[in-house]
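Both complexes below contain chain A, partnered by chain B and then by chain C.
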Partner chain A sequence: MKAPALALAIFVAVPFAHGQTNNAPSAADGIAQYRALLADGNPADLWEAKGEALWKQKRGAKNVAFSDSCDLGKGTGVVKGAFVELPRYFADTKRVQDLESRLLSCMEAQGYDAAEIAATPFGRGEQVNLEALVAYVSAESKGMKFNLPQTRPEERLMFEVGKRIFYFRGGPYDFSCASCHGEAGKRIRLQDLPDLTKNPGDGVGFAAWPAYRVSSGELWGMQRRLNDCYRQQRFPFPGYGSDATIALATYMGVQGKGAVSIAPSIKR
Partner chain B sequence: MTMATVMTTTRIIPLAWAFLIAGCAAAPSPQEADQAALAIMKGSFREQGIAKLDRIQQDELQQACSGEKPPSEATAKRIETAQLATVQWPADGVYLGDWREGEKLAQNGRGMTWTDPAGVPSGGNCYNCHQITKAEISYGTIGPSLYQYGKLRGVSDPAAPASTDMLKYTWGKIWNAKATNACSNMPRFGHAGVLDAAQIRDLMALLLDPKSPVNAQ
Partner chain C sequence: MSDPMRIRAQAQGSGAVVRVLMSHEMETGQRKDAAGKTIPAWHITEMTAALNGKVVLSGEWGTAIAKNPFTEFVVKGAKAGDKITVNWVDNRGDKRSDEAVVA
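Showing the complex of A and B:
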């Protein structure tokens, strides 16, 4: 999968980009074409199928299935429409939770050690199952519009906190999220950057994750996306399901109200 | 099934802000949100590799430039003056090194992340944000184009006295971009210890040497 996809990227992007010195929209066009070609057979389907099976499977020491136990905010076992309303407040954990931290709570109720799974590196152990579950849950809301609840004080606080964390500059490079995502029409190398200070539109930014990443052959949830952003920001390591990541997701999700979710999407 | 007994994930909540929301009305006050944001930042990160927790202890500039809006003009001026005083000028007066090494540095985006080993020199990350040579089409647009940087600024002989001001300005920009623009998106490469003086000389040559492809092509 990997090698031919990369070869295709070079083939498509380079001829279109050649000779452009200023704003090289043609390079971006080439990449867009390449993505469109790939979207036809998004390997995220494989993760979705596995996630659906996991959702219905009795698991953990308590031997219960998510379909009989896990409430993602729309009622026990309900998946459709849940993704586009997360993060939201949950009374049982007394926390605002995003999809991944909520799935972790549901796994804890199955008898798993949530702290241990949160500390497990991406792509290993139960983190692999979480990838499949986020693919499945997000896919069940494909085509629906983001509509995060902001009725609870905890939810409003998380939005306000998320905004502050978005602009928080630190590290040896003085970067914040806004350094790269604070203006429309900007790029890092040839990679387009969504402006996340406002609604960037249908299927862009928050509405495009989880996603299958062609370059690594992996399915990334929003937690992993944010984790790698912080790595590149030269920050220390954000905890999996930590409140800073949930606050940022709340900020992006509320800003993106009305945007159509295309998750799980496909990314270079 | 109830999850009232589920405790592990709730342990992640720092107590410092958990009680704040108890007293909140529907909309938190800016002060409540400020406090909660700082407490959450403090409780959400751990050190990994070379990326220690001191990286989220903001200095005055980082704090002043972390708002949705930029700081006041007076604050910005004060910051710029303080940052300008930190610039270390080349002791021997030699501003330019080798543009070929500079090009390699400009291409190199490595360094300072938690996956980078300690002790490996950082790259300049320049192409991530700037157009520089004509040949490299994979460049970012967060910063302005630097193509023909020296030529457009009339630097035909870097050794000539007429070039001194531009050499100093450019050195200052790379060493500490905040000396001329308080909340610039550009890192303070010299000031933060990301690049050393020899590396900055090479980047200076890439931008200002008439033989560099930046100016010659």
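Showing the complex of A and C:
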């Protein structure tokens, strides 16, 4: 008696499995709907408000505010439009810097120990303030298009290095960023993966970070996002504000030229 | 000191739609830290909303409310220029009160 029942069960299960593959886009639609529902009360607003206050507050041993001392590429204290042009080359530090490493340099100018902050785990100490600043600065460029400068040789070098890191296969699972993000239509579980070798669209990929992660209740900047990509690849952690992360950001930012930033966005 | 709430109040029809975003850990007391020690419960226990000083909404909150909670409600009869005040108290006795003007 048992055998036919089992056979029937398998027979029924097979077309069902086919149905599931065909329904994949609807699962993505479900996630999109969920995000739209959450977007109205995006807690990233809280980080933004905190970041704005921090930007104007006199801090550190030197008692200076970011608004009076920090140049994000558009002039001292200018925030609007700065985010969509980062990473870029800064003459004072002689480095190509992304938002977070630049903020770190500004903190150093306030009298903080940048190396110590870079070594602090995410979500502790001054890293908490960095998250808030990142939310505020990126929010000031919401709706603007990415347009990273590539005029300096240093910036072009960073792009080239970033491209090589992006395509570099390695780790125990032997895959690169490009293995998952090198063509359209790929996904991990139900998450659609953006193709980061070109502009994947407005508010997708590079243009969606920093973001509030509902699952952990934290605000993640690009540095933390990349750190987690390295973890998924089982690579050694790249180091906060390291040249490798900035090179990758330069590559993604340049390839995503013209994409509208929605940061800080909300993620599952 | 807790971080301020973000309150948006917008006149709509015969009332106002109020959206409140609170900054709170809302720790349930069920989780353990890296060392294996229980993280003590820390959450909002009471929230109230008032229109021009008169309470129009009150709630008893517990551990089932998410971290950084978002609340949306409609206040009947609220007009542009009216004052909306939102208060919360947590289980440590910490309080927060913020207000917004209906736009």
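Simple rule for what comes next: the second predicted complex is superposed on the first by the 247 of 268 C-alpha atoms of A that agree within 3 Å, B and C clash if a C-alpha of one lies under 4 Å from a C-alpha of the other, contacts with A are read in each partner's own complex, and residues count from 1 in each chain.
Going forward, a contact is a pair of C-beta atoms (placed from the backbone, for glycine too) under 8 Å apart; a residue touches a chain by one contact, two chains touch by 3 or more.
Quantities reported herein were computed from a predicted structural model and do not represent experimental measurements.
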A:V79 contacts which: chain B (first), chain C (second), both, neither?
-> neither
Answer with first, second, both or neither: which of chain B and chain C does A:Y167 touch in the superposed model?
-> first
Considering only touches as defined above, state whether A:S69 meets chain B (first), chain C (second), both or neither.
-> first
With both structures placed on chain A, which of the two partners, chain B or chain C, ends up touching more residues of chain A?
-> B
May I ask you to decide whether A:D40 touches chain B, chain C, both, or neither, giving the answer as first, second, both or neither?
-> second
With the two structures laid over each other on chain A, which partner does A:K50 touch: chain B (first), chain C (second), both, or neither?
-> second
Kindly classify A:V134 by the partners it touches after superposition: chain B alone (first), chain C alone (second), both, or neither?
-> neither
What is the contact status of A:I262 with respect to chain B (first) and chain C (second): first, second, both, or neither?
-> neither
Residues on chain A lying within both footprints (that of chain B and that of chain C) = none
Over in the complex, which chain A residues touch chain B? Could you list them?
-> 17-18, 20-24, 27, 64, 68-69, 71, 76, 90, 92-95, 97, 101, 104-106, 108-109, 113-115, 153-154, 156-157, 160-161, 163-165, 167-176, 179-180, 183, 185-191, 193, 197, 231-232, 234-239, 241-245, 247
So in the complex, which bits of chain C are touching chain A?
-> 3-4, 6, 19, 21, 23, 66-68, 70, 72
Partner chain C, residues of chain A touching it in the complex | 40-41, 43, 45-46, 49-50, 217
Residues of chain B touching chain A in the complex | 1-4, 6, 8-14, 17, 20-21, 24-28, 30, 32-34, 36-37, 40-41, 43-48, 51-53, 55-58, 61-63, 65-68, 112-115, 127-129, 131, 134, 137-142, 145, 147, 178, 185, 187-188, 192-194
